[in-house]
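Here is the structure we will look at, set down as structure tokens.
Labels for the chains are A, B and C, by order of writing; each one numbers its residues from 1.
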Amino acid sequence: MVLEPLQTSPETLETLVTGVNLLWVLVVTFLIFFMHAGFAMLEAGQVRSKNVANQLTKNLLTWSVGVSVFFVIGAGVSSLVGGGGFSPAFVAENPNDWVGWLFGAVFAMTAATIVSGAVAGRAKLRAYVTYTFLLAAVIYPVVTGITWAGAYISFGGAAFHDFAGGMIVHGMGGIAGLTAAYVLGPRMGRYNEDGSVNVIPGHSLTFAVLGTLILAFGWYGFNVGTAASVFVFTDGSLQLGAFSYVGRVAMTTTIAMAAGAIGAAGVAWAKTGKVDTLYVANGLLAGLVGITAIPDTTSWWGAFLVGGLAGAQLPIVFSFIEKRLQIDDVCAVFPVHGSAGVLGTLMFPFVAAEAPAGGIVNAFIAQVIGVVAIAAWTIVATAAVWGVLKAIGQARVTPEHEQEGLDVSEHGVETYPEFGSGESVVADGGMVSENVRTDGGSKDD
Amino acid sequence: MVLEPLQTSPETLETLVTGVNLLWVLVVTFLIFFMHAGFAMLEAGQVRSKNVANQLTKNLLTWSVGVSVFFVIGAGVSSLVGGGGFSPAFVAENPNDWVGWLFGAVFAMTAATIVSGAVAGRAKLRAYVTYTFLLAAVIYPVVTGITWAGAYISFGGAAFHDFAGGMIVHGMGGIAGLTAAYVLGPRMGRYNEDGSVNVIPGHSLTFAVLGTLILAFGWYGFNVGTAASVFVFTDGSLQLGAFSYVGRVAMTTTIAMAAGAIGAAGVAWAKTGKVDTLYVANGLLAGLVGITAIPDTTSWWGAFLVGGLAGAQLPIVFSFIEKRLQIDDVCAVFPVHGSAGVLGTLMFPFVAAEAPAGGIVNAFIAQVIGVVAIAAWTIVATAAVWGVLKAIGQARVTPEHEQEGLDVSEHGVETYPEFGSGESVVADGGMVSENVRTDGGSKDD
Amino acid sequence: MVLEPLQTSPETLETLVTGVNLLWVLVVTFLIFFMHAGFAMLEAGQVRSKNVANQLTKNLLTWSVGVSVFFVIGAGVSSLVGGGGFSPAFVAENPNDWVGWLFGAVFAMTAATIVSGAVAGRAKLRAYVTYTFLLAAVIYPVVTGITWAGAYISFGGAAFHDFAGGMIVHGMGGIAGLTAAYVLGPRMGRYNEDGSVNVIPGHSLTFAVLGTLILAFGWYGFNVGTAASVFVFTDGSLQLGAFSYVGRVAMTTTIAMAAGAIGAAGVAWAKTGKVDTLYVANGLLAGLVGITAIPDTTSWWGAFLVGGLAGAQLPIVFSFIEKRLQIDDVCAVFPVHGSAGVLGTLMFPFVAAEAPAGGIVNAFIAQVIGVVAIAAWTIVATAAVWGVLKAIGQARVTPEHEQEGLDVSEHGVETYPEFGSGESVVADGGMVSENVRTDGGSKDD
């Protein structure tokens, strides 16, 4: 083989960078999209069988309505708030700009879908869809506008650091969910008159764990994929971009996930002598949430620490929300996404492999400012929307519909017509008859 | 770092193109393969619990038998019909040629597996496997032979356009399914003597929605992956290949999927006042089918339009098939894959971002010719195979076996031995006893 | 466009190789990780509903505990045994070294999780976690140390060949599972006093088949991804690495999977006249296991042969283990992973597309040595650990807990509080009543 000068131009290298980066971003975008299957299964598994179809429909519509709204409005609002003017996604100069839009959209829809887990079992479908519309159009885009797009938050040389959305996506979603659940009030029968709590177990741990593992799979796209630039073309030469440290992101994501499951299992075991399966699953997710703001900078021991604490806080915070605050956060979205996201974001300067820019104190203050700003905006906006819906009597289904189950009342379907609700259902293979829709007459309901 | 002339040859660029393209095609091929899990869950969820294992077995054997046959025969038939001579897949000059074969095979198996949803609950396993054999060996390869391989269909300078198989794969599969379901006749109890219809609800909406979301995930491989060339090496230089417009494919696929769910939800809500979960799920899929022929050329508003119409037609066409034609298309494969595929294929010239070659009229005529040719061949071939099977009494299980359920009669298993069929089953943890296998004694069966 | 000399250096090509290879390895690593969802569903589907949460928890903790241990200890042990000194994973010179660690970890965790299927329904959680700890820290690392790391096994110029872990991962896991199941003894009621066998059917074939298809999806990462180097940089130029033959790996993996399902279906049909769904699913997996040691070298007809035999042996070996050896291998992990892995590994020289180095006889002897060495170590180490646990009364739950189900006794949860166990469950949302726990006793079993 005769070596001869390469008949090409610098543009070849730029083309190489473009093609490979597009390939990578597309693959991880698909993975992040698949998290919707994870959320759907995780949430479906944690609700009563009479409300499963409702939960699934909400998940399908979160994506469908949300991504459409984010295409037409939301992405433009984000750029507007970020100082780039209103440039909606449908106006793309180059078709490949839509890859960037879709990459942003799957993050946005993750924030949106978290909320559905908190308001399960009693929110009206139209109320939920209305909120999703506003979240995708304005609420979430404002959060990304002031952070990823505008980068307005900093303190003393330290910029607010949230690599893949531990606070921007998960913290925001978890806080929004808790706020909505508070405004909406608990499911019927969740609390007794004396303030004691009834547990309403989900209908299928298998689906919940399946959802957990699908989410963990997609999360590799979420975190590792946020290292979006395989290559960069600078000063006329091709270099590794975020892929110069992608191995750290992959490692810390893995370790924090593992530590989260172990942390939650440990606390559950210490409290009750048994290892609650749902705590282990949600602990694994809390570990992932915990590291999501900081997988690019955290040391290996920091990943163990952040993940372990994010998992360990889960049973404690869940219990606090349930028993003290008496907020009915059905799928534990606040302990999993909210408090774990805040925790990881705030731990940034203390677990970094290298000292953060601006120093530890300034970096911590910048993190606090970011967390407070995002939380405040999310709480205010979410409370306003659900408050208005509640005020006009559109937030919540009627008590009759809630008792009957939302599947029948909102969707006209039954999720498992052959299973689980007694002889009359088995007998006709079809819709449940009136006497079946008594909610099982359980003391736990 | 001293810059020196790159010690390499033009072959380096070719190697780069080869390696990166192989990587991309492999990844999307895996995603498309995963659609079998989606079909398995979607279909299993839509059948009675007594027929679930049968449906799952059909899905496993569709892939196993089909891909073997396509390897030994089918790929060769496709190249033969396409004018390239009979070159079966096992004769590969270079091992990496098998990547191209596998990429083709996952599309072929998608067409094959669609049929199983239409003939659920009464087709004999051996009949179904026989049809799958012939589909993978001849029926589908003829379709790809006259289109993707031979490119024979055109009119006045306009070539038949089907980017990822909206008609070639999905339209073909949906039409084949409807044909087979017609020949086979409806399930027992599906229609009353007065012509009225009994609904036979599927046993698990959760599995159906899980399947839907797995399919949507895999569909990104299906559509975006059909933009198979990241790079091309032309005139001695490396350029973006299909990746010069891959962002459009990703965007239109996403938007049409979303619009499909919204369109179906809207029509269902308008008709009944409720949002049927299965319509939303199938609408999302119909939106995907609708765009599959044309994701590379469609404008953003066209994607909303095609997806929305594909979703909106679903409840209407389903009802027409069910009530007027009285064909028992169990999993709605015609409204989801057939009519939606035809619709999107025909809309090609009207929603394209740029005027199609040959002009709108000629392009539309070319599309009509392609749709008619594929439909005619599929109907004739499918009716012939199932007609012969029916004539020799091998198409359908006995009424006793159908009532008992195909799981027991064809497979000797019960899918859920602990659930759902009354006390006798719960008591022994094993097989259902005789009195349970009465098909529920329902008017709906 | 003016062509000018490329302003770059040889380092550009090295950077290209690094970036693209990292991208590929990350993607396939995510796919292999997702196999945990597959194992979780496959195993959950094959156990009684009273033990599902236990199985799911074991799967979650296998990953969480195992990957942590492999990070801190196991990877270091592997390098130590392999002659490279103790270099634990947390000491990485470059963050991207962690990609290599994670790639190794997902293989290690696959071996670990296989065991949980064999000991289902009676192993104590703490015993299982202890074994997982030791497997991840020492038992599996010794196996990789003497093979992939150290490459100590060879005979007459022929080196032990195990491309992706047909023996090292699957054979090892299957043999470990059988050993542990033997030490632990069968589930209560599995065998009658006269030696006859009671079948204890799993609670959901749907989950089992879902798990199968998720595993097959992930297996493309496992096998094809073991062709880990897209490019290599040698003699100053960029070449295809393992991607020079990646198409063979993809083809043989596909064909063997298909042949495995067909082989198992055929034997099941020949034996009983029916096509058992679980045999088809497990046969598909056995076909995959069979080819895993040799997808890079096997001819296309060899893939049919290896896969077909791996599938065909499944019902026979399963029956032998169950009836003759009377070992209660709940999820058939030995026939699927053990004997199929051994079979494929030993068939290496006979089905290779090109004559193996050292000749067929020497190559076969090298394979035998490798299989025997790995099997012996695995049996001894596994028997020792479970033997000690048994001796101190920590291996197995009490008969009361086993009868009650491990979900309640070990985890304090019920997987399906609304389904399947008769009226008492529907009424109280809680525990199954005594008369339900007869575990099989059916005339049909």
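As a working rule, a contact is a pair of C-beta atoms (placed from the backbone, for glycine too) under 8 Å apart; a residue touches a chain by one contact, two chains touch by 3 or more.
Being a predicted model, the structure only gives us computed values, none of them experimental.
Asks: I'd like the angle of the rotation relating chain A and chain B after CA superposition, in degrees, nearest 5.
Replies: Rotating chain A by 120 degrees superposes it on chain B.
Asks: Could the interface between the copies chain A and chain C be described as same, meaning over half of its residue numbers are common to both, or is it different?
Replies: Here the answer is different, because the shared fraction of interface numbers falls below one half.
Asks: When the centre of a chain is set as the mean of its C-alpha atoms, what distance in Å lies between chain A and chain C?
Replies: For chain A versus chain C, the centre distance works out to 31 Å.
Asks: Got the chain A residues that touch at least 2 other chains?
Replies: Counting only residues that touch two or more other chains, chain A contributes 5-9, 12, 16, 20, 23, 27, 204, 210, 237, 416, 419-420.
Asks: In the complex of these two chains, what residues of chain B are touching chain A?
Replies: Of all residues in chain B, those touching chain A are 3, 5-13, 16, 20, 23-24, 27, 31, 48-49, 199-201, 203-206, 209-210, 212-214, 216-217, 220-221, 224, 230-231, 236-240, 243-248, 250-251, 254-255, 257-262, 265, 272, 274-278, 280-281, 284, 300-301, 304, 416, 419-422, 440-445.
Asks: Name, in rising order, each residue of chain C that touches chain A in their complex.
Replies: Residue list for chain C touching chain A: 1-9, 12, 15-16, 18-20, 22-23, 26-27, 29-30, 33-34, 36-37, 40-41, 44, 52-54, 56-57, 59-61, 63-65, 67-68, 71, 90, 92, 94-99, 101-102, 105, 125, 204, 207, 210, 407, 410-420, 423, 426-430.
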